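There are two complexes below, and they share subunit A, which is joined by subunit B in the first and by subunit C in the second.
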Partner chain A sequence: MISPAAAYRNLLLFVLPALAVYLVFAVLPLATSIVMSFFQTSGTSSDTFVGLANYERLFTHPTISGRFWNALLNNMQYFAIHLIVEVPMGLLLAALLTSGKLARSEGIYRTLLFIPATLSVVIVGFVWRLIINPLWGLVGFPLLGTESTALTTISLMSVWQYFGIPMVFLYSALLAVPNELVEAANIDGAGGWTTFWKIKFPLIAPQFGLIAILTYIWTFNGFDLVFALNGSAPGPNYSTDILGTYFYRTFFGSSGQLADLDLGAAVATIIFLTVLLVTAAYFWLIQRRLKSYSV
Partner chain B sequence: MSAPDLTIPVARRRQDREPWTLERIIVHALLIFFVVLAIGPVLIVIINSLKTTPAIFGGPFDLPTAKTFSLEGYKRVFTRGNFIVNYRNSLIVTVTTIVLTVVLSTLAAFALVEYRVRLASLLGGLFVLGIMLPIRLGTIPLIQMMLAWKLMDTLAALILVYTAMSIPIAVTLMVTYFRTVPTDLKEAARMDGASELRTFWIVLPLVRPGLAAVAALTMLPVWNDLWFPLILAPSRQNQTVTLGVQQFVGQFMNDYPALLAALTLGAVPLVLLFTLFSRQFISGLSKGYSK
Partner chain C sequence: MRSIRVSIPLAATLGVMFSGGVGAAFADPVTITLNSWRTEDIAVWQDTILPAFEAKHPDIKVEFAPINTNEYNAAVQSQIEGGAGGDLITCRPFDVNREWIKRGYFEPLEGLPGLENFDKTSRAAWSGADDKAYCLPVAAVLAGFYYNADIFKELGLKVPTTSAEFIDVLQAIKKDGRYTPLAYGSAESWQLAYNGLYSIGPAYWKGEEGRLGLIDGKKKLTDPEFVDAIAAFEAWKPFLPSGQESLNYADMTQLFTLGKAAILPDGSWDINQATSTGLNVGVFGPPVPKAGDQRFLQEMPDMGIGINAKSAHKEAAKTFLDWVAGPEFQELYVNAAPGFFAMSSKPVTYKNKLAQDFADLKKGAELTPRLALDRLSAGTPPLDDETWRLLQVMFTKSDVTPQQVATELQTGLASWYGPQKK
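What follows is the complex of A and B.
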């Protein structure tokens, strides 16, 4: 047996390297960002505490706040499209893969279907831009160049890339359903359809909460695809601007907009809170309830 | 009626030669449809990258023939682009990040499972929280840190940030693997007078599938990231493949063969690696996030 003192010492020795890197390069920058949002650091010789002034500017300055709300609403739409299209698609494919009708081809299908998720968004963006290019004649309408269709088009490109992720989560959950349950249902005369909805589906239900929250976190961190397609001032007329591109523009600057680190820190804090509050609410409310219902 | 037929077990016969029932055909047809949807666009790009410009627009879905086959695009990518340097940078960054992540997170996960003091569960929780942490939101202080430490525009800056980004999920995943190691083995090692580090070495082979899963899971987001290369290592000699492709495509928007060649070069290595390690990746993905 190891004495408690030795256990503490060993624990710290083993964990410290990983913990140090994680704290210094992930936790500390985020915490500093929050602190920074209450200061005025640029332009003056010393940092001055300005309270909520950065936030005031973010929420009341006509252009700054207008663009912010626009980016937030666009981001919600971006998330909603992902959820609505990706989850049913992932469920269908996971159900097909585990239908027991495939034998050896199951692994091949699974790998091929996941390939888009291994591509970089830069490639995804340009591949689709080429395919929907009016020159190639597949779509005779400028989907990306029209305000009302641009965001949906980009969202669907991203859905095409990432549908493999919910598929894999649901696939693994379906594989974990005990065989005896399925066999018992079959003996009772239930067909594939009934077995799926009555036996398997309730058992994998907690996965939907997990997929929803991960999709939420990932889409609210979105940036790459929109930037690759439309740059940091995503048009037409900011119709594809999401929080990631808005944040980038705020601290990095772009044509017609000066870089502002403190305002950027305030934007980062607001995005962080948006993600944090929803994630926390999910874990306290939904996850707990799902757990008590499922076995 | 011949009796010997019945000696073949029904279950085995069904496995050997499953009949093509309507249900089975529908399942395959649907899956093939989605496979075409998933890899069709990628194939179109690869096929057209091997053709001349008129052929690309004349028949985008035709395979290259002796007349339309051309490697001009690839030539121009290598002469005008910066691909050798891009690949070298991406390899350095991705491999170093994977090695650091695997080593650091394996050590940490071993200790979190092994020493069951209260601090251990607290630290474990801290790592789990990190999975949800959007590290990009700390970009502004990261820029200032890298400037202060003279790491701005270096590959080291990327490696440090990516390792920090990968550690939470890697530790959480490795913890699930270390939990499956039987306690007897570790106690036996200690009885023989093995040090804690030696005990760690003895159990390490048992979590090998976990190491592969962590490596596979770390690789993709690091190789494919655009945000940090753009901000922390943008100069020509430090660009990664993803940033290199992005800039190349922006510059040569009208040179279609070169554009398609650049896209192909950016995509193919990772698709091949994924195909090789898809099992590890998929088990890592579902295990790591389902906590």
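What follows is the complex of A and C.
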């Protein structure tokens, strides 16, 4: 028998490697980036503490703050489209896959539907750009070149790529719903629709909530597809600029803009807080109340 | 963040070790190193250019030491500030180099005989605040119009020289209906500025007169010559392919190389691409507003070479630069890298026919670099970036006038650029 104290010591020993890696590669860069946002480091020989000056610039300079709010609003739209289209689509497909109607082809459909999620964003961007290219593609209307349609178009490309993730996630949750409950409901005379909404969905509600908040985190950290399609100053007229590309342009500079590391660190901190606060609020206010039924 | 801070001293240390090691290996002839961001040119320098120099100057060996393009500026800065760096440094044009001059990185080049081969405009991108030359101009890129000569012949068209003729030609191609007049789209906004407005605009704002006028605050973007230039550019709109709002640079080039479009407004760097399908391609320069007007051509300085102020072999470096200023180097370099042009006023022969045609456009034309890259883009909002954005807005929306574009550009510039504030 080992004593409880020794058990804890062993436990700590096993956790330590992962903890060390996490601290060095996740916590430390995050902390230094936050610290950096309070300094002026570029253009001077030594770092100067400037307090909130970088944040003041970010929120008051007409051009810088204008582009920031624009990116934030675009990002909200980007998230909203994912939430309204991608998550329900994943739920619908997961429900169909587990309905038993597909019989033996279930595995084939599951694989086919998941394939886009395994493709590289560069390929997805390239293929879709060709498909909707007014010169060589299927659509004559310049979807990506019109301010009012560009962001929705890119969002839907991203939805097309990633709907497999919520699908598989909810699919595995639905598989865990005990058959007895479904059978009992059937015997009581419940149809497919009622069974799904009254029995299955309440049982997977916690997972549904989780995938919704994960979608929030993914879209607010989104960057790659927009960058692959439109570069670091995503047009037309910054209509497809989201927080990720805004940060990239500020921190690394673009061909038309000089890099500003300190302002970039301030932007990164704001993005981090945006994601953190909403996620925390969600877990605090909603996820706790979603009752998980144990059967 | 941490990683960047660590890697800069590391790069500097490696640089010191590298140049030190080389110096020891060739003790007899003087060895000088040349820093460059053109990693892709390493074979050109090592196999063609440097042997030609060393054959004439056996007492000097030159080591070509390129650094990755994206890290070049940071690496050179840390090397020089650490007291190291190559003897010769490739210079970025305009604002970056001006900062480097200010920090005292370069030996002034006054008195270098080869410098006389370059006029003031060519030297401007690498002059200091004192108007002295600090880098020798090496290569520039040009902008103009590629045209499909077979389509022109088929439709009986002549190469246009005035703005009115240019529009007539576009009109004739459009009326015929078989070809797209202009292979041009606005998805990539940079080329609206670089291959569009900055190419035809100088004829309106009189090249350097307008550009320098903006820099010293004597002119405003809302002045008639700038508004007229933007209006002349907007006049292209009816001749673009449908759906042009979504067409990117690759689409445009492809439309032209497939023989479906007659004219491609583009830069000289695209020579190989534009002729890749074996079309009969010619090139013409930007049209002038009225017959008999002075011709202007955009010549964008791309790179120069300067001498490290802390170099131990300045004499050898000067000998090398003097050779670089001469026709032998210029011919070797521009023929190895088609699309790049010598900035010297001495004639240079190009083996690529289209490159020669492009170079011939310089004859009798006043040269001017891109409008907004010198000083006017070193603040927020950068004029260059705003130009890209607003031209794209003008080309993708129907209700934005050239006057509005000019007004918004001027407001943005005047919000931070001292000489324009008053």
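One rule holds for everything that comes next: the second predicted complex is superposed on the first by the 284 of 295 C-alpha atoms of A that agree within 3 Å, B and C clash if a C-alpha of one lies under 4 Å from a C-alpha of the other, contacts with A are read in each partner's own complex, and residues count from 1 in each chain.
Following the convention adopted for this analysis, a contact is a pair of C-beta atoms (placed from the backbone, for glycine too) under 8 Å apart; a residue touches a chain by one contact, two chains touch by 3 or more.
Quick caveat: nothing in here was measured; it's all calculated off a predicted structure.
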| item | value |
| --- | --- |
| Touched partner set for A:253, first subunit B, second subunit C, both or neither | neither |
| First (subunit B), second (subunit C), both or neither touched by A:33 | both |
| Dominant toucher of subunit A (residue count), subunit B or subunit C | B |
| Subunit B versus subunit C as contact partner of A:209, first or second or both or neither | neither |
| Touching partner for A:64 - first (subunit B), second (subunit C), both, neither | second |
| First, second, both or neither for A:131, with subunit B first and subunit C second | first |
| Partner chain(s) touched by A:237 [first = subunit B, second = subunit C, both, neither] | second |
| Partner chain(s) touched by A:145 [first = subunit B, second = subunit C, both, neither] | second |
| Contact residues common to both interfaces of subunit A (with subunit B and with subunit C) | 28-29, 32-33, 36, 135-136, 261, 265 |
| Subunit A contact footprint on subunit C (complex, rising order) | 1-2, 185-190, 241-248, 251, 255, 377-378, 380-382, 384-385, 388-389, 392-393, 396-397, 412, 415 |
| Subunit C contact footprint on subunit A (complex, rising order) | 28-29, 32-33, 36, 61-64, 129, 132-136, 140-147, 231, 233, 235-238, 254-258, 261, 265 |
| Parts of subunit B lying in touch with subunit A, wherever the complex brings them together | 15, 18, 21, 23-24, 27-28, 30-31, 34-35, 37-39, 41-42, 44-45, 57, 60, 100, 104-105, 107-108, 110-112, 114-117, 119-120, 123, 126-127, 130, 132-142, 145, 160-161, 163-165, 167-168, 171, 196, 200, 220, 223-227, 230-231, 241-242, 245-246, 249, 259-260, 263, 266-267, 270-271, 274-275, 278-279, 281-283, 285-287, 289-290 |
| Residues of subunit A that touch subunit B when the two form their complex | 2, 4, 7-8, 10-11, 13-15, 17-19, 21-22, 24-33, 36, 89, 92-93, 96-97, 99, 101-103, 105, 107, 109-123, 126-128, 130-131, 135-136, 160, 164-165, 168-169, 171-173, 192, 207, 210, 214, 217, 220-221, 223-224, 227-228, 244, 247-248, 251-252, 261, 264-265, 268-269, 271-272, 275, 279 |
